[in-house]
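This is the structure I have questions about; it appears just below.
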Amino acid sequence: MQLKKVAEHVHARLVGNGDVEIGAVASIESASVGDLIFVEEKANLPRALESAASAVLVGDFGAGESSKPLLVCAQPRLAFARAARFLAPASHRHSGIHASAVVHPAARLANDVTVDESVVIGEGAQIGSGSRIGAGSVIGAQVRMGNDCELHPNVTVYRGTRLGNRVVIHAGAVLGSDGFGYVREEKTGHYEKFPQIGRLEIEDDVEIGANSTIDRGALDITRIGRGTKIDNLVHVGHNVQIGEDVVIAAQTGLSGSAVVEDNVVIGGQVGIADHVRIEEGAILGAQSGIPSNKIIRGKGIVFWGTPARPIREYLKELAVLAQLAKKK
Amino acid sequence: MQLKKVAEHVHARLVGNGDVEIGAVASIESASVGDLIFVEEKANLPRALESAASAVLVGDFGAGESSKPLLVCAQPRLAFARAARFLAPASHRHSGIHASAVVHPAARLANDVTVDESVVIGEGAQIGSGSRIGAGSVIGAQVRMGNDCELHPNVTVYRGTRLGNRVVIHAGAVLGSDGFGYVREEKTGHYEKFPQIGRLEIEDDVEIGANSTIDRGALDITRIGRGTKIDNLVHVGHNVQIGEDVVIAAQTGLSGSAVVEDNVVIGGQVGIADHVRIEEGAILGAQSGIPSNKIIRGKGIVFWGTPARPIREYLKELAVLAQLAKKK
Amino acid sequence: MQLKKVAEHVHARLVGNGDVEIGAVASIESASVGDLIFVEEKANLPRALESAASAVLVGDFGAGESSKPLLVCAQPRLAFARAARFLAPASHRHSGIHASAVVHPAARLANDVTVDESVVIGEGAQIGSGSRIGAGSVIGAQVRMGNDCELHPNVTVYRGTRLGNRVVIHAGAVLGSDGFGYVREEKTGHYEKFPQIGRLEIEDDVEIGANSTIDRGALDITRIGRGTKIDNLVHVGHNVQIGEDVVIAAQTGLSGSAVVEDNVVIGGQVGIADHVRIEEGAILGAQSGIPSNKIIRGKGIVFWGTPARPIREYLKELAVLAQLAKKK
């Protein structure tokens, strides 16, 4: 593909020879001829220009003279991501249902759905156009899935779960499993199961990482809002409400009925107890912990520690303590 | 089903019209006609009575006049859970072995076992009456499973693991995997595997969450006691002994040879190191950590922090530190 | 097998009757006639000699008189591990491809590979001699796997991942999944996926625990070095570089581009943020946390807490704080 076509697609200003052929994206270190690379900080530009890459995506700082053709734009990393998708080879999708898959006769699949080896699709499930189900995945009865979803292998989707469009689920993830709710019988001390008969709803453009687990609601609905991205091995409990464009890093856990508003950023291994509310735009540092029923408020403010507090306070406490210990 | 039949089943006292038809349970928010709801605190009773539900399960406080029929009992949440099971539609179990399953000829399955699509059952495995094995699950050789167990899809049970009756295993869980034990060769610094040839035994009425992993014993037995409930993404190491009626929330990990006595409650993301003993009835707050070889003692006492200490001490320490930091 | 043959195999000095028949290894508690047990500390020798075992592996301290035949050596635990492998019954491998497996015609499998039930192997995959693929596992296109690997059931290996020789992967693990990388579009606030098109390479003699997830590189390579052992439910992010003979306990997470040098030991539930470097031979205590871009240096030094500091400092801080709280 000619560089000028890439420039046009990503809305970048072309500086230099636009007829150069670009075949793929690469990192500065691994680039070879035909690759497009990107630079976010001016300091890295010389290294980029010395690489074997055929062209460089740069921020506005890069508009000067250059030994390689440049694509100049405001968000070079974003443009790079878009260029990567633009250049990616069309996967030769063998749209169709593999002979080893078992699709219930009362499931409704759009014409161009791809169902890989050993997939199981239950009664009454609906799968929208362009969606792909990876090998070994099990789609329960009455599941509804929109268009252009991609489920990687060995995913389990419990009965009745609903997915929007363009939802990506990585291998081994479990969607719609029973929440962790029991009632203790006072006399015997035995735990009896509280009904876990609600539903899980995942909105458009959500991506969920490998081996993460998202429970269905107990009586109502667990919801993951549009555009939210969840990393590997994350746990989301029953009745949790997650807003739009939320980012949750690996191994974080959200207990039952927690609420996470839009645009929140949550680090790895964070623990959010039941009935917590994380208000819009707050940022939770890795490993922080929010006790039950707490509200975390503060757009753009970073919280850290257990119990989580504004990071400035937390760091001050750490410094004071270290000082005291040194004196002893 | 008539309300009076539900009342009888859950041992509640009926106040009002027992001929009302009840079809399902629901939350106050989502209830519609035909639903049974429950109220644990008197303050929520007015909301319940304003809902569309047809009847309300209440504590003894609710014995007065009411615009809806009431079921009065000592533990309304418990009665609600039992009513839910009572009202649940009998799943039309297609008891039998799906054609795509591969069952070793030397496995012994009771007559009414359900084996779903693509299940694999190994040599010498025994599966008791009424048990169901979800699609894609793999049951190793010599596994013994009791009656009325339910394995959700894509569960893996390693060779020789034993499950009691009414054990529920959620999707993606791994039972009886090798423990994490190595011996370092002093000269080369390489790790060699210590034998992991013991067994995992899970007693009656245990439930294990999605994608949790429970290792077999190294030389002896890892044991999960009767009635214990384990949430998603929990790790239980080799030789761990867990008592009866223990509750373990999501993402908690127990290292090798830890002992958890009966009636312990463990929050989410707790870390229990090797050879720890948690004595009967102790409560471990979320994210707390218990270092190797420690004993945690105190029925009903909450421990928190790393290293875990009684929560009163921990909160006092946090307060003192916050105060000091403010002065600086 | 005669004890003297075991002695020879593990390079131990035989004291007593070498004609005793040994059939298996066992713990002191569970040993019966025909079993070999081991003792690392002299204090446990009397218990070992009272057990039903037929012979005892001991350290140099055990060279005296004894009621049972002894095998004396410098590292009795290591010798025991080797004896266990020596005595293990040859698994009657039914080398071959099960009829229910789906192997792409353009995959290349060595002659004596074992492919279990419902396995899927993609286009262009290569699998070396003696390797075994457990039931329900899915091997993506272009995966390369060396000799004598063992994949337990329901493992997913994404396209292009490379495994060396003698790699062991436990059930449910996911190898080569997409890393967690997004770019935020400034105007809309939506996250767009950064390309995750690099590779995962796992070197010889690595073992990876059940339900662990290891992401591929974004543009480059995620690497797990020779002999490294990873426990259950561990997360390894994109571009992470792990050295040789590293040990990582359960539920630990490593964020993108972290570097862990050779011979590092990492406890359970540790959190390592992005671009951290853990230098050779450092030891990270359970639940400790290393913030972004930090370097941890110190062969044989234990670090603990979040942010992790040398354990002596950390314990002193804890003591000072407890003292202050007591005074109040």
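Read from first to last, the chains carry the letters A, B and C; within each, the first residue is number 1.
The rule we apply is simple: contacts are C-beta pairs under 8 Å (C-beta built on N, C-alpha and C of every residue); 3 or more make two chains touch, one makes a residue touch a chain.
Keep in mind the model is a prediction, meaning the values are calculated, not measured.
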Chain contact topology (line, ring, star, complete or other): complete
Fitting chain A to chain B on CA atoms, where both chains share a sequence, rotation angle to nearest 5 degrees: 120
Chain A and chain C, separation of their C-alpha mean positions in angstrom: 27
Multi-chain contact sites of chain C, meaning residues that touch two or more partners: 100, 118, 136, 154, 172, 211, 233, 251, 269, 287, 321, 324
Interface residues, chain C side, partner chain B - complex: 25-27, 29-30, 74-75, 77-78, 80-82, 84-85, 88, 98, 100, 116-118, 134-136, 152-154, 170-172, 205, 207, 209-211, 227, 229, 231-233, 245, 247, 249-251, 263, 267-269, 286-287, 305, 318, 321-322, 324-325, 328
Residue ranges of chain A touching chain B (in the complex, touch as defined): 100, 102, 118, 120, 136, 138, 154, 156, 158, 172, 174, 177-178, 180, 182-186, 189-195, 197, 211, 213, 215, 218-220, 233, 235, 237, 251, 253, 255, 269, 271, 273, 287, 289, 291, 306-307, 313, 316-317, 319-321, 324
